[in-house]
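Per-chain residue numbering starts at 1, and chain names A, B and C are given in the order in which the chains are listed.
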Amino acid sequence: MTASTILQADGRRVLYHFERDDRLRHLELQLAPDEAVPSLGSVYPGAFMVENEMKELHGLPITDLAIDYGGRLFRDFDGIESPGPQLAADDGRSAREVAGALRLDACVPAVEGREVRPRTSRVPQGRAMLTTLAPLTDGESILAAPRPVPGTTVVPFGPQHPVLAEPIQLELTLRDEVVVDVVPGLGYVHRGIEVASEQRTFSEDLPLLERICGICSVAHAVAYAQAVEAIAGVEIPRRARLLRTFWFELTRIHSHLLWLGLAADAIGFEALFQSCWRIRERVLDLFDLTAGNRVILGVVALGGVRRDVPLSMQPAVSEALDDVERGLAELAPFVVGNEATALRLAGVARIARDEAVSLGLVGPTARASGVPADVRTSGYAAHDELSLEPVVEEAGDALARTVVRWRELFDSLRLCREAVDRLRGLPWQLAVSVPTRLRGEATSRVEAPRGELFYYIVADGGTHPSRVRVRTPTFANLAAVVRMLPGTQLAAVPVGLLSIDPCLSCTER
Amino acid sequence: MLPQMVLLAATAILALAAPLGVGVALGFDRQATAAVQRRLGPPLLQPLYDLTKLATKVGGPADRLLAGLVLAQLGLSAAALVLFATGGDLVVAVLLLGAGHVMFVLAAASVESPYAQLGASRELVLLVAREPLLLLVALAYGQVAGSTLVREIVAARPLLLEVPTLGITCTVLLGIALCKSPWDIATSHHGHQELVKGSTTEMAGRWLAFAELGRWYEVAFVVAVIALAAGSAMVFGMLLAGLAWAAALLLDNALPRATWRSALGMAWGIGGASAAVALLMASVGGGGLWP
Amino acid sequence: MIGPRALWGRWVRRARTHSPWVVHFDCGGCNGCDIEILDLLTPVHSAERFGVVNVGDPRQADILLVTGPANLRNAAVLRTTYDQMVEPKAVVAIGACTAYGGIFHGAPNVLGGIHEIVPVDVHVPGCPPRPEAILGGILRAAALLAQPRSQRPAEPALGEAQPAGVWRARPRVSLGADDA
């Protein structure tokens, strides 16, 4: 479930997108400039993340928010003045120009000649907020309500922390090394990509959207290309579909191996971290061979793909895939069935199945809680001919998520091999042309390594899209973090956070 | 009288120079860890490079309480090693080492960062894990040799044959001293742990160098205690220490870090049980410390 | 015959350049550069053979690796991180985003390159640069660590010859002629 806000000359157009069992339903509201919208929190608790985002970034007034971050989820809370809601600045000024009035020094404010270090704690010292999903009274913000809880310490986890590859801040309220409350602070990776994409043409947007996230860049590229192709009404050649699936599943393999290594490092198992990433190097070698680059591939084009995997390359491809499989077989005793690893992972950050559904979790996080949702079953790219069963576990804890991703590795290996096999004998057509001016709107969903990635694109006849809405899987899964961390030990916080495979660059775009 | 004093002084100076040897041994350790993980490790002298670099940092925070406590830890650990090397009382040396560790815990606790506080409480857990084990080992040695003075233990019959299960305890002790999994709960030599640097959070520049030096003296002490098991055959003793180190290394690469409860439980359970067995075996032989 | 003082100076210089402890700060890019940095610690590239250790604490680190474009939120945090480091220290800016904002140049919330926030010693170009290139950048910065910033020789202007780095590769690894 997600929502989009489109600014118009005479107000706003708000769309809510709902999904269940691979069926999508969209509800549209036309609003006057200052009209407010009630929160969906009482019906669908997981809506609080997207509603906070819309309220803050798009300036949409929302009432009755259950968890209201008071407009400080994305933007600064360090006492630094930030320019107003991003999408309201429609005169094309960049952040640099807007900030130009506040000079760069303002980022490190000076008081009487002394530099003032901004406070990075959002929770006033000595207070703790208990995160609750009960609706607050209108106008009350959880950050303003003083509920001092004695005997607790507030630990700012992040934004810069070695166990996290990316900056996110979690204000943890601890009592005796047990987490009592979590308040997330985002905005460190926010680049305003959705706005930037409206300033570029459709084909210039592709490299920009590829770089929302370096790990799942193929997923973003495929989702965007699919949406544009849907608007244009073109169908891409079968060879291109198979090749897209090939690189997509390789992305899944490398992403899961990366995640496995990071999770191992977070529990202190350095040897497993090194082994996972050593195996992952073979996948990156494969990217290098077929696409020319290791990380951001640039293989997807509007209308198809830009590169091919010819017959002469296929023995090297199968050899590399065999190497990966052999490496995984060596790793298996350390990952599954290993007592020491299970001790650190079992029972950590558990989410029950009904909570997973009501919070709107996606991807392996949801599948580990018993929700059998996998967008690949809807048949995009080559998945209409390559069949797949969603990998589901019941336990819902960090160990279950590890097992789900582990099993998906083998599924993806099989899909890669099948995709390459089916390339034989197909005509060599890699792409069809897509017109530069487009009119229409379309949605596109793919199963990124972390879950369901949702794109909604509106085109009004020009060369630029008029709205690109991206809902990334980690954004949906962050609701899980707020729910699952209270009650865990501090030592389990990195494990709990990592178990949803957070990708902050995806979340914050 | 004078030659004896000179000998004592020379031994003391040698003991103070022990970190050089420990540095090289740690260099070996990093290369071996890298080899187990199938990659290339740093040069042999790397720990000495690291220590020099830290010691010669320019500027850096200078909190007097922290500085004093770190220096106290250094002094006490060095004193423990010197006492050992000059043949003094093993139990007193163990207690000196414990006092040094307490200084380190206080140094970590004097920092306001929440990670340092958590690291300090975890260091305390490690201290509680280690001291009883060291004392049990010292007592076991004393039982066999009839005295806890190092010079008498060296002269007594080889301890290895009498109390072999101490090897397990010594591996545990070495694992704790070297901050190896599962006991690297308080601070870690590589990133990616939830405590950031834990107990060494605010230590920078030369204070970190002194804290590291203090740890190196502790490592030298534990190695010396292991080597003592071979009596006067020093080469054989070093070999024993090497074996224990290798065991700790393999354990490090096979196990993830533990929670503090399980770390304590494992240390006392495995190490403590073997030490208790050793003590029993030594007492069964009759004689010993108690008349 | 070199005197003890010169010998000690040589030892200190060698120690400082052969022990580059790294702290990695992500300003908010796409993660491509970040995972290539993490790749350096892993078996195939193994930066540890040069003494590179990823310490998470800026107070204990020598080299600051920065990725991602500077944005309004991160500017202060980046500066604070840099200020917490102890001299001698160096900054390596990795990727196109740190140079001028990369592909995000002009996007809202993006300020551009990081050179106005922290003094950059080495730029590694690429989107993302290969791990070997990042390692080369780190080693160039390691060569600069021999002295605190105030005592370093002035950088040559564009067009002049670059001085050879003082860092000498270990015999069993060769980096190429200009890194000797």
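Observations, loosely collected:
Heads up, the rule we're going with is that contacts are C-beta pairs under 8 Å (C-beta built on N, C-alpha and C of every residue); 3 or more make two chains touch, one makes a residue touch a chain.
Keep in mind it's a predicted model, so treat the numbers as computed, not measured.
Taking each chain's centre as the mean of its C-alpha atoms, the one that lies farthest from the centre of chain A is B.
If you tally contacting C-beta pairs for each pair of chains, A-C comes out on top. Work out the mean CA point of chain A and of chain B, and you get 45 Å between them.
With centres taken as mean Cα positions, chain C sits 34 Å from chain B. Averaged C-alpha coordinates put the centre of chain A at 29 Å from the centre of chain C.
Multi-chain contact residues, meaning those touching two or more other chains, occur in chain A at positions 161-163, 273-275, 278.
Among the residues of chain B, those touching two or more other chains are numbered 37-39, 190-192, 196. Within chain C, contacts with two or more other chains are made by residues 42-44, 54-56. Within the complex formed with chain A, the chain C residues making contact are 24-36, 38-39, 41-44, 54-56, 68-69, 71-77, 79-81, 102-104, 106-112, 116-117, 127-128, 130. Taken in their complex, chain A has these residues touching chain C: 75-76, 78, 80, 82, 86, 89, 94-96, 98-99, 104, 107-108, 117-118, 120, 159-163, 165-167, 187-193, 195-196, 199, 207-208, 211-215, 217, 258, 261, 273-275, 277-278, 281, 294-296, 503, 505, 508. Partner chain C is touched in their complex by these residues of chain B: 30, 34, 37-43, 46, 48-54, 56-61, 189-192, 196-197, 200-205, 208.
Across the complex, chain B meets chain A through its residues 36-39, 114-115, 117-118, 181-182, 184, 188, 190-194, 196, 253-260, 262.
The touching residues of chain C, when paired with chain B in their complex, are 11-12, 14-16, 18-19, 21, 42-44, 46, 48-51, 53-57, 59-60, 62, 86-88, 148, 170.
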